[in-house]
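Take a look at the structures listed below.
In the two complexes that follow, chain A is the common piece, with chain B as its partner first and chain C second.
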Partner chain A sequence: MSDQVHPTQLSTVMLQPASRSARTIFVSALLAVAIIIFPFFATPFHLDVANQILLASIGALSLMLLTGFAGQISLGHAGLIAAGAFTAGILSKEAGAPFWIGIPAAGATGGLLGLIFGLPSLRLRGVYLAVSTLALHFIVVYAGGEYENLVGGSGGILIPPPSLWGLKINTGKAWYVLLVAGAILAFLVTWNVVRSRTGRAFAAVHGRETVAAALGINVARTKLTAFVISSSMTAIAGALFAYYRGFVSIEAFSLYLSIQYIAMIIIGGIGTLPGAFLGALFVTLLPYLIETVVAHLPGAQAMAGSIFAVNYAAFGLVMIVFLVFEPSGLVGLWRRLERRLLIGRQSP
Partner chain B sequence: MQIVLNILVLGSIYSLISCGYVIIYKVSRVLNLAHGELMMVGAYLLLTTASAGWLGSPLAAIGLALVLSLTVGILVYVLLMRRMTGESVLAAVLTTIALGILIRGAVVLLWSAQHHYPATKLHIANPSIELFQNAKLSLISLILIGVTVATYAALFAFMRFGRWGLRMRATGQNALLAAQRGVNLHAVYALAWGISTFTGAVAGMLIALDSGLDSTIVMIGLKAFPAALVGGLDSLAGAIIGSIIISASEVILIQHFNPLLSDAVPFLILIAMLVIRPWGLFGTREELDRV
Partner chain C sequence: MSELTIDKVTLAFGGLTVLNDISFSVEAGELLALIGPNGAGKTTVFNCISGIYRPSGAIRFRDRDIVGLKPYEVAGLGIARTFQHGELYGRMSVLDNLLTARHLRIRTNVIGEILRLPSTRSEERRHRDVANQALHFVELERYRDTPVADLPYGVQKLVGFARAIAAEPNVLLLDEPSAGLTREEREDFAHYILKIRDQLNIGMIWIEHDMQMVADLADRIHVLDYGKSLADGRPEDVLRDPEVIRAYLGTQAGP
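And now, the complex of A and B:
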């Protein structure tokens, strides 16, 4: 890409506002139709994958808000998801709490933890902050393991399927409807936060803290707000995950999960909301894709036992490729392609 | 007495690993979160050279594995991290995380997920030695303590008196000025990655010889990171002190309270340190503001 602005490129830039919003409406309408008709054609397996993608996108949106917009890196995302899942699990097991109590309770726990996770950010930046969230991840996981030990056995917690307004949510389709609603809600929340005064404060703090402070933004409060909102959403995603699986065990929340979420926002495109969805889609589908590819390779039987290792290796490789060659992620790739296509169409 | 010995051994393990974090951070301000994985690669390389019959003696196998580890470290810089020079610190850290995941997968694919015993392959006996009354130590652990002392002595001498050590310190202080004085930055960085992986591999091999080898060794590498940070990420002497603090608290708490704490303790101390004194016991404060 050259830095010089090509005449045709300039015209696309000037043309953009009108055509762009029209295209956005077109694309969203297409997407809405696809989302609505999907469950009528999908097999239970496809529905399960779709539900996983939706769960992942809620988590990715909240991390995007924190890292992509407020610029605060977190390696403790899995710890927060675990906290939400365990809050829902423990409440359901010990007190028989229903879904509509478990979810807000998880949100509250997440918010509180977010405050704690966010405290180091007041003094630390960059790598040091990442490390402190990493440390908190291990502490949350330790607490979860301790609880499992206390209850006896390392079996984890079983959670009965939730019910809403008398309807039991225990089929893939019911979950799909609930999770689509959840993902849309999460998107609206993050979208509104990003466009509000708070969101502009995030951007300012992300850009340069000193300047943000000079502009009258309370840097400490902005950072803590980012952590609290993001962590609260993350914990809710964790609680949804727990209800969806019907089972919580600390094994599921390894550091690898945190890394997967970071990969989602990088691969999707950091600092963009559609990027969170694209990243969640990509990272959730990758293992299935690999499984399919490996099954068609010669010697598939021999590879079957180490499929997780193939996943790890491929995942690391994809992440490196994006970091090195396309740091603006799938969204950046899409925009570049789009621009190239438009220029191609307009120039004679 | 046994507790003191246990602390000493664990402290040596952490010291030997954490100096790798320090070297790379000191020279290039990159936090290498793939250090545990690179250490694991070193140990698995020993497994391979141990299986090669034509090498003859165990020492040759260890030597070859060490040379290979050094090469791996340099290659990681030349092929991957070199591209991240000039990018944001965070992008570099994320790249090392991705590299770590890649290595974890690749190691299982190449060497299988089984628990291996390189010591039996090399026919190295590991008798336990009674140093004091009721206080025993395995031979390899004893060697490990000696190797750690030797490694640190060599590193201090190298950084203080060596020509390349001087270049490394200069680059760490101000890369731009160093480059203007004719220091080949890429060579310095590559060397830092090489040395770091080399020392990590030494630690990994000794751990593997002592207690066998599988992918859980990565966790030991990750737990050595708090040790480096507690001491100060740019201080070699700090790494030793930090390692002893971490290992002492870990051993004592496990013995008296709860074995589950093992993975959490180093990070609890890390948090405490970040709250009180983020730049560590011996780190320079100015470093933190540059991050």
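And now, the complex of A and C:
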């Protein structure tokens, strides 16, 4: 044998688990480049889709923290997004409050609601808890509807585009930059929580509560902390959504939205942070994908009316397929493919 | 003064008396074996100490009555325990599992953690060092970053043991640490139990079914039978006690 490394050997070496962190850096760098060059090539439509994905990512990260890490199931996510959106909208309309007040105010509102609606989690678990969080959804939707009636009609609230340091954020590109920053910030917040004392307590409570308590973890406090952080982030995502659309109406926040977020974290991969991004990407793109597919089917015109029904059905189907065949989501799928690739290379 | 005293503890669920007037105590640096047939109430005693059940009578840590404290408050006094089935967090690394036991000692708050302040980082590092020492104690350093679910059962039980040590407890409750282990793993365990007693001076209450191990290692034995204290004393006396033998083997059938 010569000293030369055979090409297949080299690639095996590069894919060895030992170089995992190096590979993570490589993938992150690639991703960073893609994110930076994207707006230079994207059409306004593509930018809008990208911005929707980024907004969804922030919401998905906060639900991932609550459900994926702390194990508390919530159907109140849409209600919290609505609460954030309305906080920003009402403050803007009634007091002319700027962006830099609207966002933290939404965060505070979300945190408070999270504290209140986290209380049932001290008694209830699993599906029962999920049902109790439904109350949050309906209360917020009711309050929002009442406000809309009060200000006249059900037209919703118009919000002028925000400005930061004198720059008006009113183009798709400007929003893209702002939302990329927001998503990175949301990622850092969740990552820092997950890898610290609080995050370990989340995981412990998610595992077995009696054991967590025997380890010295205050279970009630831990759950409420999870609800407060998650709800606060969710409401901020809602406020961003309101500013982005320039318009808030309660109709945008149906229970279906909560289910979409749950789908994001399941499809992405419960208990993983990259899963929140992958899930947000997948669930946001799915309707566009279906539309494209349906448009190419014969008799597309006839099916145009039922596109929503097709969307719902496909969505449900995808969720079931993931729950049955890949419970660890896209992240699990990715890891499995990676491993298979490794084994394939090692045995020629 | 004893580290932990169980004083006339009685526990009933409805009409069923599970523990009936139990009394015993453990000193610092003492290895007390708690034995008895299945259903004698051994784990129930642990659950009373841990604050999961609230019995009548007194349970004193040093001179403080701890009955009525919440489980995390009991843990906060330095009373750590292991569980029959390990009860570890499978997806977390071995080191992170150990760090969960240091929850009360780690002085960081959520805001500092979110911002990842320098003080948060140095505090994390400090406690990581302690957890690493606990791993070193049971010679498991090589598994430090492995998710617990990927480890064999015997190693997992040792991790559970290390997690209890990582809390730097005053009193350690061991719930059948050797159950399901092979002969060699049991010998390892025996080694570490003695190492704790001799090096860390911790009082230990040890639920065990392996009478050979108990006879070899325990300083003292307390026997429970149907929720009552049956015997208490040195292994060589207790294990020869006819009452104890009868409880374990049953009475001889009639002629």
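In this text, the second predicted complex is superposed on the first by the 330 of 348 C-alpha atoms of A that agree within 3 Å, B and C clash if a C-alpha of one lies under 4 Å from a C-alpha of the other, contacts with A are read in each partner's own complex, and residues count from 1 in each chain.
One rule holds in what follows: a residue touches a chain if its C-beta (ideal position, glycine included) is under 8 Å from a C-beta of that chain, and two chains touch if they have at least 3 such contacts.
Just so you know, these numbers come straight off a predicted model, no measurement behind them.
On the superposed chain A, the two partners chain B and chain C both fit, without a clash. Counted by residues of chain A touched, the larger count belongs to B, out of chain B and chain C. Residue contacts after overlaying the shared chain place A:Asn218 against chain C, while chain B stays out of touching range. In the superposition on chain A, A:Val177 makes contact with neither chain B nor chain C. In the superposed model, A:Val127 makes contact with chain B only, not with chain C.
Contacts of A:Val33 after superposition: neither chain B nor chain C is touched. Of the two partner chains placed around the shared chain by superposition, neither chain B nor chain C is touched by A:Leu158. When both complexes are overlaid on chain A, the residue A:Val193 reaches chain C alone and has no touch with chain B. Taken over all C-alpha pairs, chain B and chain C come no nearer than 14 Å in the superposed arrangement. Only residues 31, 80, 83-84, 87, 89-91, 93-95, 97-109, 112-113, 225-226, 229, 258, 260-261, 263-264, 267-268, 270-271, 274-275, 278, 288, 291 of chain B touch chain A when the two sit together in their complex.
The residues of chain C lying in touch with chain A in their complex are 50-52, 70-72, 74-76, 80-81, 83, 87, 89, 91-92, 96, 99-101, 103-104, 106, 108, 110, 113-116, 120, 124, 163, 167. Within the complex formed with chain B, the residues of chain A that make contact are 73, 119-120, 123-128, 130-132, 134-136, 138-139, 141-142, 145-146, 149, 256, 259, 262-263, 266, 306, 308-317, 319-320, 323-324, 327.
The part of chain A that touches chain C in the complex is made up of residues 188-189, 192-193, 196-201, 203-204, 207-208, 210-219, 225, 229, 271.
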